[in-house]
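Report on the following structure.
Here the chain labels run A, B, C, D and E in written order, and each chain numbers its own residues starting at 1.
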Amino acid sequence: PGSADDSKLEQLKGQGFARVAIANEPPYTAVAADGKVSGAAPDVAREIFKRLGVADIVASISEYGAMIPGLKAGRFDVVTAGLFMKPERCAAVAYSEPVLCDAEAMLVKKGNPKGFKSYEDVAKDTSATIGAPGGGTEEKLALNAGVPRERVIVVPDGQSGLKMVQDGRIDAYSLPVLSINDLMKKANDPNLEVIAPVQGAPVYCDGAAFNKGDEALRDAFDVELAKMKKSGEFAKIIEPYGFSAAAAMSTTRDKLCSAK
Amino acid sequence: MSAPIIKVDAISKSFGAFKVLDGLSMQVMPREKLALIGPSGSGKTTILRILMTLERIDGGHIQIEGEHLYHMERNGQLLPADERHLARMRQKIGMVFQLFNLFPHKSVIDNVTLAPMLTKGTPRAAAEKRAMELLDMVGMADKARAMPAQLSGGQKQRVAIARALALQPKIMLFDEVTSALDPELVEEVLNVLWRLCAETDMTMLLVTHEMGFAHDFADRVLFFDRGKIVEEGKPDEIFRHPKQERTQGFLKKIIAAGHRV
Amino acid sequence: MEWDWDFVWQIMPTLIQGVKITILATLLGSVLAAIVGLGIALARRSPNKALSRTVGWAAEFIRGTPLLVQLYFIFYVLPDIGILLPPLVAGVIGLGLHYGTYTAEVYRAGIDNVPRGQWEAAKACNLSARQTWTHIIIPQAIPPMIPALANYFIAMFKETPLLSAITVLELMNQAKSVANTYYRYIEPITLVGAFFLAISLCSVVLLRWLERRYGKIER
Amino acid sequence: MTQWSGYLGLILQGALVTIELTLMGSVLALIMAFLAGMGRLSRFFVLRALATAYIEFFRGTSIFVQLFFAYFVLPLIGLELTPLQAGVLALGLNVGAYAAEVVRGAVQSIGREQHEACIALNLGRWQGLRHVILPQAFLVMLPTFGNNAIELLKATSVVSLISLADLTFQAQVVRAQTGNTMVPFATILVIYFILALLISWGVRSLERRMARGLDGVRV
Amino acid sequence: MSAPIIKVDAISKSFGAFKVLDGLSMQVMPREKLALIGPSGSGKTTILRILMTLERIDGGHIQIEGEHLYHMERNGQLLPADERHLARMRQKIGMVFQLFNLFPHKSVIDNVTLAPMLTKGTPRAAAEKRAMELLDMVGMADKARAMPAQLSGGQKQRVAIARALALQPKIMLFDEVTSALDPELVEEVLNVLWRLCAETDMTMLLVTHEMGFAHDFADRVLFFDRGKIVEEGKPDEIFRHPKQERTQGFLKKIIAAGHRV
């Protein structure tokens, strides 16, 4: 790379940090007791930016729905939050190559009383409600599977979703597998059960999402990412969080963005 | 000959640390017209308010027609009066305030009929008939349907008097009933008082700064200063030949200020 | 980013769904606030010191803390002690309690603003406590309260977007969800703003009318 | 066991952000209140119209809408603000609009006779305002300003929705990381209440200091 | 011989549809002491307020020391006065209000020094020296550091007079300066007026209900009714032998109400 428009990278180097959007959703992203941001996605981003000469990242936690608008509004330089690649998103932002891959899961009461296996099952049961993050992949999957709008409850964050399942406010709460597992681990509630993976839902991968127009930066990011994948450092960072490096390396942006 | 209708015996009253009345005693005979005069803050209003049970006393006794006002006798013991006792005693007393205190949301006639209808169960027709007589006496019959806000100060005060009379009290208390009025309106209220004096046999206690009127109207004048009665006597004695220095000083000031005595 | 009228028409039906919930929440919340406020005002006047103090502090606490956090509390914490409320009900209770502490002040001021002379005249007329309240005090206290109460209900209306935090699909939540789906904030948020502004401007007219009819708001 | 002490640190960081927002928002609100409040009393139509438009707009649209607008829409038209700036701007302008009415009301509450005394003493318009009207009006404003400041404090919780790491936001973070809902929310409710008490205590003591001599008590 | 200091020429003033002053004319000579009397609502306060430029006039002309008050002459044309012109004319006039209108947040001495310091740029030291002289004259020197709320009504009014004098006006307007006072306090304020009368040569216009004082104090009495001067003359003429029926009626009422004349 290195043409006229890597000015963005120069600017980030100059200020010494990149602004990243993260979600409040372990293990994709996590905030430690001392306020330090970690989690698989930010850790990868931090390392790559370091290699690109940007000393640090400054993270702000955001709702999924607010990430792309925030990126467009110039609130962040990049989104590293488990924002899965999908064609319409690829049209809105410039993704890097895949970073974190995960299947979808549902959190339900012990014994899966309504017998959900797929989003279509939720659609069929006219009394069933499903919770999902607003603007997230799961919300769209559920809607596309035919669950009517009023039965897809927009839940602000994972803990709220977990709580709502426990309290019986919703019948299922859907997130990526690893996120649900993390919630389960913290809640340690024998009355809950995880359905993973949800049938018919594809495995998604996220990537670092850049603004359209910052493709030069994105390309530089991709170069470093590829190097890390090759050297095994990539796996070293994400596997402790439960993610599979192999999954990320087995697919590409172009494939994910053109999937229908 | 006859027994006093009001007997005040060594009462005291403080507001916080400030002693307003200090061992005050006085007696009023039935039908007597009493004028209470004295400098500002001397406790004139306070004694009227105590008689109307708007303030409690701290010590002493008050009897109305031989019955205790603030105490009840039970098995020979004097107990503090309860609300029922007070309500019964209040029937004997009416009060007219400096600022009228009409009920602004009720018409003139409703102001007058409200209390008889509620407290005595007088039927509306009878209460209105009586109210019209009273309003006629104070010269306000033609305004019976008006609202208080539509009246001048003098007119309001005349309605207030009619309202107090509607309960047929034996004792009427008037607290500076003219001092919130424009000078030209004072006369119409004083005329009503004259008429009351002539046509009824109520006992009347009157706090006033209108020395001329006090002189002509009262049977007896009490001069208050700092919560005590400093001097009392027939109007002529008090106004023309006050014995006490304080009374003399007060009257001199008032006269210098342009009030006729 | 350009303003897109086609998009506006596309999202309008969704937003109108939200408007209905917003209005419903405001109406229910207002009724509850009016009742809760009266309860608080009466409790604070109670001769029972323990009651009046406790209610007084509770009201202070509710008034001194954010409605948003209270909503989280009602919605997410109360189920721990077995109280499970549907989102709209939780939202209405939050609004009603929070604004009840404001309306309580309106009631208090309304009663206090009846001049002392009226209580005294009622006594001089030998009216009982009950008669004094029903015939003299309440009739005079209520009318001046009406504009002030209406004022708070309009304020409540503008706080209903908070209910989006507890998954009530009111106007703001619908707007956010639309924004999330299409990655466009400008139209939905502007529309929400325009909607609130329109309602507020109408309510200004209503308030002026109430003030003319019942007297000025005491702040 | 969860590291509560560490998470408490997080919440205290949030408290700092909340305090910062409240202080900066209050300063902006105070400035706007005087500008717009005096503007509404101006002899010049243009100033009156500007002030009225500002007040009605910011009182009319919900604080949420303003916040989302400042955060998501303003950058699209070229006005880049940090979340903190957006928060202070929205809170300050919003509360300033309410406080402007307080300023106007207080100035008007200073009886006509004080204005007339100024004219009779031949003071100029500005002199009268500066030395006679405003010092008295400020005392009238103070208690309501205190309430406005508490409203602003409570409104800061909304900035958590635009990712500003204030108290409410940190409570959300702690909740997500620990899985406990009750503790973080109860903690921040108490902190908000303490902050509110501090504000009202501060305003009351300021009021007492300024009111000295006005009530006839020896200074 | 000398020219009138105030010349009011056919002025009119309405509030809404209500005509308060209707073609009123009058002249006041330098040093003259004028009493304005008449029933409530007759326009006495209004004419003082107009002279103090607290109200505008709807028609007519007013001249102070030969200069137009509400008009400015520019190239031989009469234009409405601007604020600067009014400010200059106001230097000649001072006013004392019924309700004192002291600045409650300023001490007594600051009330008196404020205007000279601000409008004339008098240095603080000089302003305070002069203020103390004036406070001494009204008998309030010992209260110079007190706040208005600590004063009685009579004391407040004396401070208000000192404050108005601090600007050394040629004309002083007094609007019922004693009618908000308790009767005993009236005298102390009237005494100050007597002193002013004796020690200065200001022109004084005085609205009052104190007929006795008006009689003794004024050089000339104007009787107002419904926005017109119905009768004017020497105090003895007006009070003892009023010619007009309305004057007679008014005085009769006032006397009946207990005011000395």
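In this text, contacts are C-beta pairs under 8 Å (C-beta built on N, C-alpha and C of every residue); 3 or more make two chains touch, one makes a residue touch a chain.
Please read all numbers here as calculations on a predicted model, not as lab measurements.
Number of steps on the shortest path from subunit A to subunit E, with steps defined by chain touch: 2.
By C-beta pair count, the most extensively touching chains are C-D. Here the spacing of subunit D and subunit E, counted between their Cα centres, is 45 Å. Between the CA-based centres of subunit A and subunit C the separation comes to 39 Å, rounded to the whole angstrom.
Distance between subunit A and subunit D, defined via averaged C-alpha coordinates, is recorded as 38 Å. Under the contact definition stated at the top, the residues of subunit C that touch 2 or more other chains are 1, 76, 165, 185.
Residue positions of subunit A touching 2 or more other chains: 63, 66, 69, 72-73, 163. Every pair of chains meeting the touch criterion is listed here: A-C, A-D, B-C, B-E, C-D, D-E.
Residue ranges on subunit B touching subunit C, taken from their complex, read 49, 52-54, 83, 87, 90-91, 93-95, 97, 99, 101-105, 114-115, 118-119, 163-164, 167.
Those residues of subunit A lying in contact with subunit C across their complex are 63-66, 68-69, 72-73, 92, 134-135, 139-140, 150, 153-156, 160, 163-164, 166-169.
The residues of subunit A lying in touch with subunit D in their complex are 24-26, 30-35, 60-63, 66, 69-70, 72-75, 157-159, 162-163, 183, 186-187. Within the complex formed with subunit A, the subunit D residues making contact are 2-3, 5-7, 9-10, 13, 71-73, 75-76, 80, 83, 161-163, 165, 169, 172-173, 175-179, 181.
The residues of subunit C lying in touch with subunit D in their complex are 1, 60-61, 63-70, 72-73, 76-77, 80, 158-159, 161-162, 165, 172, 185-186, 189-190, 192-193, 196-197, 199-201, 204, 219.
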